[in-house]
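What follows is a set of notes on a single structure, which appears directly below.
In order of appearance the chains are A, B, C and D, and numbering begins at 1 in each one.
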Amino acid sequence: MEIHAKQARPDNQNRANRARMLISCPDGPGIVAAVSHFLHQHGANIVQSDQYTMDPSGGMFFMRIEFYLPQLENNLEKLKTDFAEVAGRFQMEWTLSAVSRKKRLAIFVSKEDHCLVELLWQWQAGDLDADIALVVSNHLDMKDYVESFGIPYHHIPVTADTKKEAEQRQLEVIGNDVDVIILARYMQIISPMFIEHYRNRIINIHHSFLPAFVGGKPYAQAYNRGVKIIGATAHYVTEELDGGPIIEQDVQRVSHGDDVTELKRIGRTIERVVLARAVKWHVEDRVLVHENKTVVF
Amino acid sequence: MEIHAKQARPDNQNRANRARMLISCPDGPGIVAAVSHFLHQHGANIVQSDQYTMDPSGGMFFMRIEFYLPQLENNLEKLKTDFAEVAGRFQMEWTLSAVSRKKRLAIFVSKEDHCLVELLWQWQAGDLDADIALVVSNHLDMKDYVESFGIPYHHIPVTADTKKEAEQRQLEVIGNDVDVIILARYMQIISPMFIEHYRNRIINIHHSFLPAFVGGKPYAQAYNRGVKIIGATAHYVTEELDGGPIIEQDVQRVSHGDDVTELKRIGRTIERVVLARAVKWHVEDRVLVHENKTVVF
Amino acid sequence: MEIHAKQARPDNQNRANRARMLISCPDGPGIVAAVSHFLHQHGANIVQSDQYTMDPSGGMFFMRIEFYLPQLENNLEKLKTDFAEVAGRFQMEWTLSAVSRKKRLAIFVSKEDHCLVELLWQWQAGDLDADIALVVSNHLDMKDYVESFGIPYHHIPVTADTKKEAEQRQLEVIGNDVDVIILARYMQIISPMFIEHYRNRIINIHHSFLPAFVGGKPYAQAYNRGVKIIGATAHYVTEELDGGPIIEQDVQRVSHGDDVTELKRIGRTIERVVLARAVKWHVEDRVLVHENKTVVF
Amino acid sequence: MEIHAKQARPDNQNRANRARMLISCPDGPGIVAAVSHFLHQHGANIVQSDQYTMDPSGGMFFMRIEFYLPQLENNLEKLKTDFAEVAGRFQMEWTLSAVSRKKRLAIFVSKEDHCLVELLWQWQAGDLDADIALVVSNHLDMKDYVESFGIPYHHIPVTADTKKEAEQRQLEVIGNDVDVIILARYMQIISPMFIEHYRNRIINIHHSFLPAFVGGKPYAQAYNRGVKIIGATAHYVTEELDGGPIIEQDVQRVSHGDDVTELKRIGRTIERVVLARAVKWHVEDRVLVHENKTVVF
């Protein structure tokens, strides 16, 4: 379809020769000086930089730097090798990757389509700077739709009895070059085994303002409690149900006149917007995880 | 002080000869017709009317009517007597009161002043159409401030041992003509005995987006959970801690950079705005309680 | 496609035997009584009712009533005939229509797809209770996409020279049974001749928080002014550019770091949500126009 | 009064030995490296750092750094002297000031009290880290209230004929050690002569969502236009009425049922919150002005 063909991507000139660093380490004097001096020495120009130090002193230091370096591709490996010395000095956990190297997504979905539709629309509008490697579903409902975009669709049914085998099959079809898994209203609990493979790389959208209304039927829970505002929460998946690090949340006002059906309708728009924001931030290397919380730059 | 003297009240012409009805009853045919026919027959003109029927059929019907009736004061008692027949026919719970008859508030406060300051400012700005009968506190901090408005301040200390006597003393100073009690960051749990005296007439502000973070230190809880939005909730007090019918909630976005102190600072403005709205709605007869939820017109 | 086939519509039981009235008239005593008495006499049960009286006295009265009437279809015409007497007495402008009779939409679009995609998604999700009769565009970009839903797509190019003929052609393809025209980012100015045919029945989405940034390139205007919040406005089209009655607006916070491209990206989500809300409210008979303003129930 | 005495200020330990730099200069390679290297060499530890580069390349670079330096007081002057070399190399405009050195405010007010009351409440709650040097008013209304806080109140009436002399008198009472002037609903237009003395140091609150509803009676304008959202804008005062650089804006939803009085009531809370945020950001050195826009870190 014409619409699928256009795929107006972000300006390539803005992505060529750009890279991003994410750094976490114990706070101490001289970190910013050391990193910026290192980059300057290597001919890089800092385009954007954010940092955050947890209080009180003795806390953690977090930093995101986006920089421009001519002929980045030829220099990236050497940059990484050289930076290891700086990183070692400050006990840094760090990543360094070219902006032009798009993250690869696997999207998991069940029957509700709104989050998937939003991600695909943002992707083809060029607003989601990532590649969608595949879609995995325990149902067939979205197959034709997904395949019309030229994206592989893997139907892997899941039952209580076959869960282990199903997850094994999921890991196989995902393969080795997927960076992040998006649970776009995927209505199955992920096992600790599976989570271990993608620690802090599985993003779920929960249809409530966490930590309120953990678990099933959050809109019914919200209706019964009589809240005046409903919300949605995108978070990394951990072993604790709906308990992982929160990436983004948003809310909307409701009234006594909204029944559960209406709450779901209003909620669908919050869910898709919140999930899409969280995915965008993740693929742009804006999210750092520390213990059970996120720093979002 | 000059500022205290001005007290620009709502236009008296808008309040004279106006009355409000609040009605709850099982839904059925002919309720609106019966009520509006009754009012028309008695010479009243409906100025504002709101209604809501809980689905599914067989649910409850709720209505708020504001009407204008010349020489209301002379006719109010007869109106009430005559309406009893209509009310009986539809098994209505109802109230009917003159707008000019202001609700009387008792405000309970501990040490944090922001909610009390907001209520007093709105009151003297004429935005809170009520009389403040007295302030009760387990501390002395706000005494001079409150008395500078000409409002009686009752200092009633509360300890674990003296709680029963303290509540008894509170009931005495409140007396018989207070309509609603506002807990403006009053940091004591109210006993079931006390609640029974003011069922659905005690409004508390809880400094979280309920039902998240029930109980103590909600901002510390919010910080530890890493939420991206914080909130406050005004609710009627019931025997279940922070579990009563919610009147109003609001929220504000926060970031990883906000520590507990900053969450409290941001939260104070949410708390005072949410509480002031809930009190305003209550004194304007906009809130009906049904089971553990509110209908707010 | 499977997704297009599902079209989970609102529960038919909720729509059968339901009708809605919209009433505008000069305020005066007895209107609610007369209308509710009329409906009760005819066996109808009011499900929802909203009213609003413009102040000061001597102003206009507006009302929306949704009611249930067994065998509505057989009785609707007689109901209308009988109501004419009541309406005449109070100089009412009024409409009365069965909820089951869906409004028919014509959607106009140019090249930007986000508003159209949103409306189609909400329509097929069952959230937009209307029929989409046709799509009209001055470009071919969206043809395949629209036709994949089984919706006719009329490509009518417009140039300065051919505008008059183009609008004539548009009126022809629309025919006589379209209720409302949605300008879903249709980038042509509508002529007074065309507007006259669909007075208060053409809904436009303007990509700014009106009345700020009327006219072209509102995001560039917003960027240049340095606003901290951007918005979108859905309004009825009148002869004054971006000056018609506002139905709905919404906003989102932006920062100094957002360039025009980013403002557009953020804005697209505001635009589609605001337009979809306005269309929903219009097709549910929730919007009354009075002079250059709307009453939205 | 007890409440006035408490003035719980921010933790002194957090302010001692801390300083802030604000830098604007043409973008180029090595700026961050040079600044952070300079600070590290002088024994300072960066606590918080934000930067922003305007696109496209060849744009401006903006930076805010907060750092900790033992014995700051003894070293501040030398730090400034030494930094001049770095600044000269990159053509920087810059400021460097100790956090413990509080900004001094002059607040201008007319008859409406809500913005002044908010600032004084935030100040005495310790949320506004500044000294209030004096209040200037063309009316007497707030005199007793302001003086009860121990703050000097200067009553300087203004008429069309005496404007020039009045402004001269204002400049005299302000003297030489006020950093910023807050127009807290001060209903007089400031002359270019006066503005010149406090370029980018006069903050006004305008009671609309600028650039909508410039000039007088913005709530009446908003009501007549039928907007669904109202707002307020804090901006630096320039020679163009309501046209200066915007620091902060916020909004709230309204409905057809809100008349001008109600819009004003709702608006008052937006105004005071928006103004207080803008003042807080200014006194914390978070705002840089470039041409007619602000960068807010």
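The rule is short, and it goes like this: a contact is a pair of C-beta atoms (placed from the backbone, for glycine too) under 8 Å apart; a residue touches a chain by one contact, two chains touch by 3 or more.
Bear in mind the structure is a predicted one, so any value in this text is a computation, not a measurement.
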Rotation, 0 to 180 degrees and nearest 5, that superposes subunit A on copy subunit B via CA atoms:
180
Could you tell me which chain lies farthest from subunit A when each chain's centre is the average position of its Cα atoms?
B
Need the CA-centroid distance for the pair subunit C / subunit D, whole Å please.
42
Distance from the mean Cα position of subunit D to that of subunit B, given in whole angstrom
36
Give me the residue numbers in subunit B that touch at least two other chains, ranges are fine.
52
So, in the complex, the side of subunit A touching subunit C is made of residues 1-3, 6, 113-114, 117, 121, 125, 127, 140-145, 148, 265, 268-269, 273
Flag every residue of subunit B that touches subunit A in the complex, lowest number first.
52, 55, 209-213, 225-229, 231, 245-251, 255-257, 259, 292-296
Touch list for subunit D against partner subunit A, complex
28-34, 36-37, 39-40, 43, 45-53
